[in-house]
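Structure first, then comments.
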Amino acid sequence: ACGKAGSDKKDDAKGGDSKSIGLLLPENASSVRYESFDKPFIEAKVKELCGDCTVKYSNAEGSAAKQKQQFDTLIAQGVKVIILDAFDAASTQSWVKEAADKGVKVIAYDRLATGPVSAYVSFDNEKVGELQGQALVDALGAKAADANIVMINGDDADPNAGKFKSGAHKVLDGKVKKVVYEQSGEWKPTVAGQKIGAAITQLGKDGFQAVYSANDGMAAAIITQLKSANINVPVGGQDAGLDAIQRLVSGEQSYTIYKAYKPLADSAAELAVALLQGKDVKAVASASIDSDTDKGIPAKLLDPKVVTKANIKDTVIADKLYTVADICTGTYADACKAAGLQ
Amino acid sequence: MTGAPVLALRGVSKRFGAVQALTDVHLEVHAGEVVALVGDNGAGKSTLVKTIAGVHPIDEGAIEWEGSKVAINRPHDAQALGVATVYQDLALCDNLDVVGNLFLGRELRRFGALDEVAMEKRAKELLDTLSIRIPSVRIPIAALSGGQRQVVAIARALVGDPKIVILDEPTAALGVEQTAQVLDLVERLRDRGLGVILISHNMADVKAVADTVAVLRLGRNNGVFEVANTSHEEIISAITGATENAVTRRQARIAEEAK
Amino acid sequence: MTTDQTTNAAEKAPEPAAAPAAPAVDPRLLVREAGFAGYLAEFKRKMKSGDLGSVPVVLGLILIGAIFQGITGDFLNADNLTNITKWVAGPGLIAVGIVFVLLLGEIDLSLGSIAGVSAAIAAVLSVRSGLNEWLACLIAIAAAVAIGALHGFFFAKIGVPAFVVTLAGLLAWSGLQMYVLGDKGTVNVLNDGVLANLDTYFLGDGDVAFTWGFAVLGIALFGAGQFLDAKRRGDAGLPARPMSEIALRTGVLAVIGLVAAYMLNQDRGLPLPLVIFLSIVVITDFVLRRTSYGRQIFAVGGSVEAARRAGINVAWVRISVFMISAGMAALGGLFIASQQGSADKLLGSGNVLMNSIAAAVIGGTSLFGGRGKTWSALLGILVIQSIITGLDLVHVNQAIQYMITGAVLLGAVVLDSVSRRTQKSSGRG
Amino acid sequence: MTGAPVLALRGVSKRFGAVQALTDVHLEVHAGEVVALVGDNGAGKSTLVKTIAGVHPIDEGAIEWEGSKVAINRPHDAQALGVATVYQDLALCDNLDVVGNLFLGRELRRFGALDEVAMEKRAKELLDTLSIRIPSVRIPIAALSGGQRQVVAIARALVGDPKIVILDEPTAALGVEQTAQVLDLVERLRDRGLGVILISHNMADVKAVADTVAVLRLGRNNGVFEVANTSHEEIISAITGATENAVTRRQARIAEEAK
Amino acid sequence: MTTDQTTNAAEKAPEPAAAPAAPAVDPRLLVREAGFAGYLAEFKRKMKSGDLGSVPVVLGLILIGAIFQGITGDFLNADNLTNITKWVAGPGLIAVGIVFVLLLGEIDLSLGSIAGVSAAIAAVLSVRSGLNEWLACLIAIAAAVAIGALHGFFFAKIGVPAFVVTLAGLLAWSGLQMYVLGDKGTVNVLNDGVLANLDTYFLGDGDVAFTWGFAVLGIALFGAGQFLDAKRRGDAGLPARPMSEIALRTGVLAVIGLVAAYMLNQDRGLPLPLVIFLSIVVITDFVLRRTSYGRQIFAVGGSVEAARRAGINVAWVRISVFMISAGMAALGGLFIASQQGSADKLLGSGNVLMNSIAAAVIGGTSLFGGRGKTWSALLGILVIQSIITGLDLVHVNQAIQYMITGAVLLGAVVLDSVSRRTQKSSGRG
């Protein structure tokens, strides 16, 4: 359906509930994606599908307890459908059950929340790890078999970090010589930078031939430290942040993983509107997945993509995530020309 | 003593929450005059001193300096006029050493930096004139005895070049010898033409050095006396507000027992 | 009594014996007139001189309620208010612990980690090891108290500043928390178990009688206590509150209590977390204000040396306060675990500690030691939780939320500080 | 005065870092005896008092209580023996009110909870005997004048049931009337059979109430005198360590000027 | 001079005038004997009475070095040591700011956020807006100083406790940080630009002459300063350090400086961050110990009321200290941004503030105000960074890392506190 955007909000809040969709995102400290992509994309798609629907968004700032409060607040406001990107997916069992008892439907977004959720949309996180591993092997090319690898993983407390790690290991173990240093960077750039410093000290400048970084923020710090030690080896991350794309252009970073947020957000919005209007979700979520607590959840699983210097144009620019002008600022202009972006 | 007084309080009042500490108090101090301010405990002497020194601004009334009205809102204002104050609670920085405390706010400098050597020398000289033994001028105030601190506080008032020196019970913690030195000091200050306000509970000391005695009672003026023409008993009865009081009772009883 | 009479009596009739000549009452003290008029007059004077007590915080609460109700229309819903009363228990209990430490003039930065580690212990013992849930909770609280004793020992006996001991504790215990939870991370609490019920149970399963009963009992106890106290003081010839004032105070409490009860009954009834939190605030308030032990805490907070010279066992007071605050934090941690349905690695980290400290301070507990009460934890956390919930209802952008929270916190405290400063210059600081 | 003294110090020494504050000090106090402890500023009087009160444990020597050796390591030990102390620096809790300070560590209780009513009544009685005006017993100590605090500290020592009362310059901040009351109090204590150690710089007060005068000089004993048979001058020269000193010089000068 | 002589001189020859009868020097003071032997004797006495100064921290550093070298064999590599000296600059500069605030007896919880926000401002202005990088950095630091002034204003003028102002600041400025970084999030610093070079530049591009020069200059200045000071004191008749002691001190410094220079030259030379950090420590140390302004800071930290009565503008001292600390934090933030190659939302959050506070305290700055020096920031942050780097070399599990960091921090401070307590009971506390 279409209709005028920006319909009367107050009306909505009073009349209820069949017109608003709750959106709960987990944090915004480690990645900018939530507020710069997921939220606006979902809002836009919901507007497109249902002109007088509104999205009520809250962010849990990295706390499961806070997210629970936001969850209950939405229910107190009378919201009937909630898109939940659980900060701690294992915690949500009792919440989702409570909500289901009150007739509130929950869509697990990005992370598979436990409890009787109505549908699940996500990227395949293990796949992300596998792609990262493969991209690193590709970046090494023929030298891969003789290469020693340093791995800087995400925070142990984040379940997705474990999936990235195991996915990456699945590919790397066997294709490279050895993972010679592996530590958690806690998702923090400064920490990651210091870990790589320790690795250099211990292994020597020639002790490793590539660095796996779980995300781009840590990759940036790793690259800075490598540069200062005059080491030039492939480094990759994930998230496809603007800074990472710029590093791809300048050749400092080898790849990043682009999880096209748009299809993910669009699917979630479609599912939410469908649930709001009482339609079947199977039309969108045709796959099926089991969580720790429930079986046969309708699911839509999307494939992430690897971005390298070569395919920037076909991915993030084509998806209008960034414009060439965004990327090719000041110091990157020359590199952009060389890469054929300008 | 003619001419405008250096310092004059006209109808000063001060209130703390539910307590009216000072009511309509008048006081005059001339150059070269020692005014003793006496009164019972809690009479408001220290409060009066603090209003002059700028610690508490006054609620009502006026303060005149050399004949013209001035506003004293913070200690800095009083110091700028030339008031040096030794507080009853001393107000020293426990963590600084003796030299640091003596020159606090008026450090000697050399090429912009602190001149520790000059300050240390001058500190020793100052303390010598007050005949006190202090283990070392580089010891933090926290390690000094009560009397030693008191002397440091008195010496502080002599750094700089004040026109009026206010001493709030300066000899309370002092030994006989140091007390004598402080009384000498008060006389030297008078001779140099400074005005001195001396608060003391010791009538002997008051009679020894003061020219005028101003009595406060329950936060109000209760008479100003020329020391030369006033007896001990008159002052005490102005302080206690009665001719019959614990002091006279005690004396009477002892006299009786002696019989 | 009027002041003039007293003065004259003392001056004109000096007793001849060694008995006192001066009265103990100072004639300059502007004594409050007896009766209700005097009460009102004093209240006005206090307002003017800035001795506002809890008034600004309560006004703040009303303002917050009005603003968010105006914007969203949902804030004063019965279920939203019920949610708020449930959610204050966790951070509120931690704030009670903070009040104890602040009264000592110290700070405990590890309370968030302690909340997290004890929630982890309780959950792991009851769920993974299958221990009885009550026992698991007890062990968790005992572990926290032991941790508090350890902090207290390093602080009071070894002399390490509390700031540093608890900073180290903050790191160490969040390490322990991860270790206890193990590789699997998050542990869900048992469905309908003790831990789960801490947050979700409503007394008598929502029976309205419990709510009314609790409210009436509280009001009656307060009124009777005030009345008996005033009577005893009057009998002993000491100045006492006039009956009219007692009636007014009890009346105000009654209105608040009964309205709250009515609201709660509109939703699910009397939430267990509210009952426990209120009871603990009342008990700790009694301990602090009416027992020797409480007096000792204030004394140590006011002047360690004076307390020591009065023969108080300063080390023990300090250690015990750290034990109490750790115990409170543990209890708060269990409520938080119950609320989120699990114990995870991040429970108690982030803003939990900050909010609890802010709550204590907003409520009027001094950061400088020796002044405060546990009621301030209740008032303060209500303010904070109302703002958080209100902002969640408004769904504003996160960055703006941060800034608003910071600004409101500052605003509340500025009001409080200005009033306290006026108060200080009026000599009651 | 026969029999074992209530309190005896035998060869007590105390050192603070680089300062040897007490060296081999002896002191005896009998029941019903008032011992005045006098000495110059920094002589070590307060330090001596604090060792008896358990504030600083002694380094060497022994403390005997009613004839047997005791160890006093913390203030609590001294209180348990029956030593009540009024410190020179008062040591009150600024944030507690007058009642709270008076009964600190010895609160009156009723059904386990504090009995505020009984404490408030008793506090008023105690302060009345010391004839001090205090705005209200529910005012925090921070709002009192120097003398008012001192009286609260003295009243504190009378709560409980001590055998020895130590007063470190109790009248330093007091007015004439309050001083008289405190001297009366000291005599009442003696008459009740308590031992009293009184530190004072005021020789008149010392001579008025003390039975014995013990002089400290630079941290060492410098003589014990029977008050009855000793002149003012003898004591002063024991304190200053010289017959010629600032006091005598001042007197001589004044006498000369008077001529 | 021997003590006996002085006493006798004073007692036997009383001057007849109003001049002093007693000497200013106390005969009971155990004066240090002149010459080197006396120095050694005093050193022994100090050790025994617990007045250890920086000795335990330095011993701790040596111990940490030895342990990690033993375990990994890599710790004392030239490049590892160079890395450590580079990495201490960021948190170390924040710790210098903390030292200033602690000297006032206050705490600033917002310094981490301030570091973050100013890194964000510098990066956004220079990269996104294309401003000159020097100008961008200056604006960022100026913004931080303004923030500090705002905090100081609320604290000093309005009377809100510093703890609370900066807690609110912590939240508000991290909101601002996100807002400045905007939707695109992380900003890379310019390649080879000013910001990038803060961390990566080595003086003279690694020319060994710079390292040697810097070391020799430092040693010479120190020795000359000590010598001139002693000479002036001697001339004025005041007790002065004996020449032998000055030689010893200069010698020790020379050994440390030259060894460090040698090590650095084994790797990439003299890192810019080390030079800047050391220079700032030296300058701030001079300001604190040798200027009236520094004296005023100590006075306010020791007793606000005494400082006020001495005519010191307490409000200005407080505000300016918050400005200085914010400025230091901003500079620290720029170094951290340079180190990680970008400014992001997390910069300055998490452990950054904790580590800086811990550094100041470990280094010997008192949490109670009025005692400390900026050198403690240097020593403390060296300890902390050495532990972190050492643990990274050992590859221990994150949970264990947390616990070890906490435990070592505690250990270091216990030693320090015990020594300080002994010191206090010897009357120098």
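Note that the chains are named A, B, C, D and E in the order they appear, and that numbering of residues resets to 1 at the start of each chain.
The rule is short, and it goes like this: contacts are C-beta pairs under 8 Å (C-beta built on N, C-alpha and C of every residue); 3 or more make two chains touch, one makes a residue touch a chain.
By chain, with names taken from UniProt: B, D = ATP-binding cassette domain-containing protein; C, E = Xylose transport system permease protein XylH.
Since the structure is predicted, the reported quantities are computational estimates derived from the model, not experimental observations.
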Inset, instruction - Mind listing the chains that sit against chain A and also against chain E? - result: C
Inset, instruction - Would you kindly say which chain has the C-alpha centre located farthest from the C-alpha centre of chain D? - result: A
Inset, instruction - Between chain A and chain D, tell me the centre distance in angstrom, where each centre is the average of that chain's C-alpha atoms. - result: 75
Legend entry - Centre-to-centre distance between chain D and chain C (centres being mean Cα positions), rounded to whole Å: 42
Legend entry - Rounded Å distance, chain D centre to chain E centre (Cα mean): 45
Inset, instruction - Could you tell me the distance, in whole angstrom, between the mean C-alpha positions of chain C and chain E? - result: 38
Inset, instruction - Could you list which residues of chain D touch at least two other chains? - result: 16-19, 42, 131-136, 143, 177, 184, 218, 240, 245-246, 249
Legend entry - Touching two or more other chains - residues of chain C: 18, 21, 26-29, 178, 351, 398, 401, 427-428
Inset, instruction - Would you mind listing the residues of chain A that make contact with two or more other chains? - result: 28, 35, 156
Legend entry - Of chain B, residues touching chain E in the complex: 53, 55, 74-76, 79, 85, 87, 91-96, 100, 104-105, 107, 109, 112-114, 117-118, 120-121, 124, 127-137, 139-140, 142-143, 177, 184, 188
Legend entry - Contact set on chain E toward chain C in their complex: 107, 154, 158-161, 163-165, 167-176, 178-179, 351, 354, 357-358, 361, 367-368, 398-403, 405-407, 409-410, 413-414, 416-418, 420-421
Legend entry - Partner chain A, residues of chain E touching it in the complex: 72, 74-75, 77, 79-80, 83, 86-87, 90, 127-128, 130, 178, 181, 183-188, 190-191, 193, 196, 199-200, 336, 338-342, 344-347, 349-350, 352, 388-389, 392-393, 395, 398-399
Inset, instruction - Can you check the complex and tell me which residues of chain A touch chain C? - result: 10, 13-14, 28, 35, 56-59, 61-70, 72-73, 75-78, 87-88, 90-95, 98, 114, 156-157, 159
Inset, instruction - Please give the residue numbers of chain E that touch chain B in the complex, ascending. - result: 18-29, 232-233, 236-238, 286, 290-292, 295-296, 298-299, 301-303, 305-313, 369-371, 427-429
